[in-house]
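Labels A, B, C and D are assigned to the chains in the order they are written; within every chain, residues are numbered from 1.
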Amino acid sequence: MSTENFPSATTLPAKDIGRLLLRCADRPGLVAAISAFLSDAGANIISLDQHSTTQTGGTFMQRTIFHMAGLSAARDALERDFAAQVAEPFGMEFRLTEAAKPKRVAIMASREDHCLLDLLWRNRRGELDMSVAMVISNHPDLADQVRPFGVPFLHVPAHKDIRAEAESRQLDLLRGNVDLVVLARYMQILSGRFLTEVGCPLINIHHSFLPAFVGEAPYRKARERGVKLVGATAHYVTEELDEGPIIEQDVVRVDHRHTVDDLRRLGADVERVVLSRAVLWHCEDRIVQHGNQTIVL
Amino acid sequence: MSTENFPSATTLPAKDIGRLLLRCADRPGLVAAISAFLSDAGANIISLDQHSTTQTGGTFMQRTIFHMAGLSAARDALERDFAAQVAEPFGMEFRLTEAAKPKRVAIMASREDHCLLDLLWRNRRGELDMSVAMVISNHPDLADQVRPFGVPFLHVPAHKDIRAEAESRQLDLLRGNVDLVVLARYMQILSGRFLTEVGCPLINIHHSFLPAFVGEAPYRKARERGVKLVGATAHYVTEELDEGPIIEQDVVRVDHRHTVDDLRRLGADVERVVLSRAVLWHCEDRIVQHGNQTIVL
Amino acid sequence: MSTENFPSATTLPAKDIGRLLLRCADRPGLVAAISAFLSDAGANIISLDQHSTTQTGGTFMQRTIFHMAGLSAARDALERDFAAQVAEPFGMEFRLTEAAKPKRVAIMASREDHCLLDLLWRNRRGELDMSVAMVISNHPDLADQVRPFGVPFLHVPAHKDIRAEAESRQLDLLRGNVDLVVLARYMQILSGRFLTEVGCPLINIHHSFLPAFVGEAPYRKARERGVKLVGATAHYVTEELDEGPIIEQDVVRVDHRHTVDDLRRLGADVERVVLSRAVLWHCEDRIVQHGNQTIVL
Amino acid sequence: MSTENFPSATTLPAKDIGRLLLRCADRPGLVAAISAFLSDAGANIISLDQHSTTQTGGTFMQRTIFHMAGLSAARDALERDFAAQVAEPFGMEFRLTEAAKPKRVAIMASREDHCLLDLLWRNRRGELDMSVAMVISNHPDLADQVRPFGVPFLHVPAHKDIRAEAESRQLDLLRGNVDLVVLARYMQILSGRFLTEVGCPLINIHHSFLPAFVGEAPYRKARERGVKLVGATAHYVTEELDEGPIIEQDVVRVDHRHTVDDLRRLGADVERVVLSRAVLWHCEDRIVQHGNQTIVL
């Protein structure tokens, strides 16, 4: 293929950009049917990523970004037509969103600031495609650091003896008000009831090591074992603690000269980067869950 | 989206797998037109990656992997029909290949063995999708290491005083016989005439540093400058020495304890990994050149 | 070597911890002489790193961390004795510092906040061993973000037409008051006179790419060239712009799906990590300059 | 510290280079005593790395590389004197080796070639400081690939039903003949008796994931779980399967587009790099075991 000049990038107004995320049993003609529907509706495909779990007979997933003049007004009709003409015949689950309507997000934290502040700071820079509705913490410590970002800081005391009342108060704040809850080093266990009733996905971050060190003082154990890598994993929250579908992972090299404090500091660096990537991808509608895994399109 | 069981991967026979790589000016309806053509032809899209250089008015590129029973027999007709019905109306360049027909590759080397042997070894393991037609070297040193792989080793002496004759002999060996030439630490400059007449793409590997160290003894200079990273770049060869479109890059961390020999050894490790990735991607028809860049789909 | 129980780490009070950084022509007996001096003075070596540029006849560098009860009171005598008994006979340059006396640091910035806020935030967490005396900016924009950290924000307008006056005002603020100046995306050139008169080292951060893209809009150029890595380099400032001794470098992988904005965002992530490592190492007296390189011990 | 010219590196003859690796309870005066001993013996310290597990009261480890004219002849006396004058008074374990006497190594493998060939190939290039005495395999498959390296290939059938006889034959070959056994994807369990009687350390390589996938088909499980990193761990072998002290670890990024075969291929790349680093460090006497960890000096 020959060469040509490279035009400088231009950006269309977000208000006319739509995202279509879908999943169904794989079968011939899917891409053609979806593309034809969008084309007939006057939408131009800007980017399209698809994935099939196997070459035949598996699950098909697709993320399509399209431009359509007047999307906001036409959105409901588009969704209805897609459901009737494509999704139903193909037995498809789908989600249609507008880039101009950022997700409403609550961040829950305890005393550690690194993940929380990094999310707030990135969002202020415009790096994350979200609107932070509130920060909920079971400790008052971080209020002064959160409020300058113009975000409500809500102190809801919580520990294992008052879990039920605490979760009720949290649910009153969250239910219907947010599209995503981010656990940014929130150090309380959440009950299955909470996960069901909150009505939106939750993303959590935790450290990860090879081998795994469970229980108390993982960084001390990791140092005693002489690990050469310290990492973090961001995942969707399910009732199985720290076992939900992995969204993103990364590691940093360490050696015997690093103290336990050094490991904790380096681990915190990885945690905030990994969590921010996971939140960004979720807010951009890039992630399809499939069984206990995620596909990031 | 809910969860379900994850089927184990199955692989279709390579003989019915086709790859369609294409590029054209972006405009509405492209994905729909291509998908409809393949669907009508009885081909099922297994994977599809596309990229547009800008949201509107840029260049559109797409790589489609499809399954089509009896592809080998139907290939010529399919190509002709695609050209007439899609490529011509949309002003499209395209390439249609069969996964069952691996590219014929020549490897050119000098005295250093690391990139050459790594390619031969990976190919024997079935990791690279290629058929190595010959190894050409301007030194006889590596013959005993190459021949056990069942690959012809051809010694064509070459240095700057006999470049023209050497290149003529090399062209006699290569022209029409190979689809790709890999320069695996081939330490002679190739003329513009050679690049034109060989009639296929060439991939080269070279070390890379930040900042760049040109001329003799780059590893010694890099150590004297105290660089913290040593890397390698694989690129298509153009007449501008080491300036062709970048296919892949990677680096490894180094520090003051590494001697010049250590840097060379670590650099060699990066070179062989980076070169093998570039060759694999080329052989899988993943790479679209666009101006002086590559898009790896 | 057999195994035994691993005691949990304990930390001595910083007030009795000293650091000795030295450099001289290599010759037999250096480590022995230095160790004997410290041992005789009642100091216990906690850690010792040394490096020789060549196996014989090169330059010898050593960083020693030691514990000595009552160091603060004894420091001046210790320094005098070391100079007379060791440094002078061996023709040695050295620096003796106390861990309990953090370096006084000024941060200079312009409009971009990522490096500046990351340093302030890490310092508040206790990750950096420094005392931030002031932030100087040629723009007022970041005042509200800096002052909550309890650090003076000083607005000194500067651009190329008023460089001389601006630098005079900056020198009035800095001279004698700080041990280090960190340029955290300070977008003005500093004159040779400034570098001489400020009387302390300066550390700068800049993006880095392979190949290098000089001048305006480097991220746009990097995207047009299809680079696969985006990085950053922290270095000491010399009169040669961006050419001073490299302290630290790192990179992050990118691909064709990243927009220019994505590259800038990912580059900013690397910049803040790389700069913070360089500042930490400097504040811990880990860095020996040697010619145009640094050795990080 | 000011700047000066940087001399080019020169290398002393290996025959006069010694390595002293030691470990003892930490106490004041250790570095001074060791340095004074070497200095008095006419040895010049080329490099010295030490580590203490805690600032006081922990374990002290040191690796010293020194140059001493006529080392080979003087070695036994030097060892005896060091034992009497330093090791005994300080309760020290130590090992004194000569760089000119590479370790004798046996490699055990099964059917997979990637780790085995990489070690042989690196050793032929002079990258590893070892002499390969033999390759032992429980399958005949790799004979033709091993013998061109000039290394004996010994086929000792082994599976769980004939473990005792197989291990007896292996021990007959190994005992007294080698200083290190490398398990380069040797797929049989070795008994505690074998580990005791072989009389030298063993290094093993295995894949590693986050989270860990135990049992059969780990790469398939890893893909089903959607891991974003695939890695490898090299460790000393103890009776606890895959639980011995970690020497080195590394990872590579993967995503949903990678098939199980891709993961296996990328994992193999990491395995061979990680194993070769571990073997190199062991052969250079860099590794001190301490409890269930290693310190790599």
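By our rule, a residue touches a chain if its C-beta (ideal position, glycine included) is under 8 Å from a C-beta of that chain, and two chains touch if they have at least 3 such contacts.
Nothing here was measured: the structure is a model prediction, and the numbers come from that model.
Among the other chains, the CA centroid farthest from that of chain A is the one of D. Shared residue numbers account for over half of those found at the interface formed by chain B and chain C, and the copies are therefore classed as meeting with the same residues.
For chain pairs A-C and A-B, the one joined by more C-beta pairs in contact is A-B. Chain geometry summary: the mean Cα position of chain A and that of chain B are 35 Å apart. Averaging Cα coordinates per chain places chain B and chain C 42 Å apart. Contacts with at least two other chains are made by residues 6, 8-9, 47, 51, 224, 257, 290-293 of chain A. Chain contacts here are complete: no pair of chains fails to touch. Chain D makes touch with chain A in their complex at residues 51, 208-212, 224-229, 231, 233, 243, 245-246, 248-251, 255-257, 290-296. Considering their complex, residues 6, 8-9, 47, 113-114, 117, 121, 125, 127, 144-145, 148, 220, 223-224, 257, 259-260, 265, 269, 273 of chain A touch chain C. Partner chain D is touched in their complex by these residues of chain C: 1-12, 23, 28-32, 35-36, 38-39, 44-59, 67, 93, 95, 253, 288-293.
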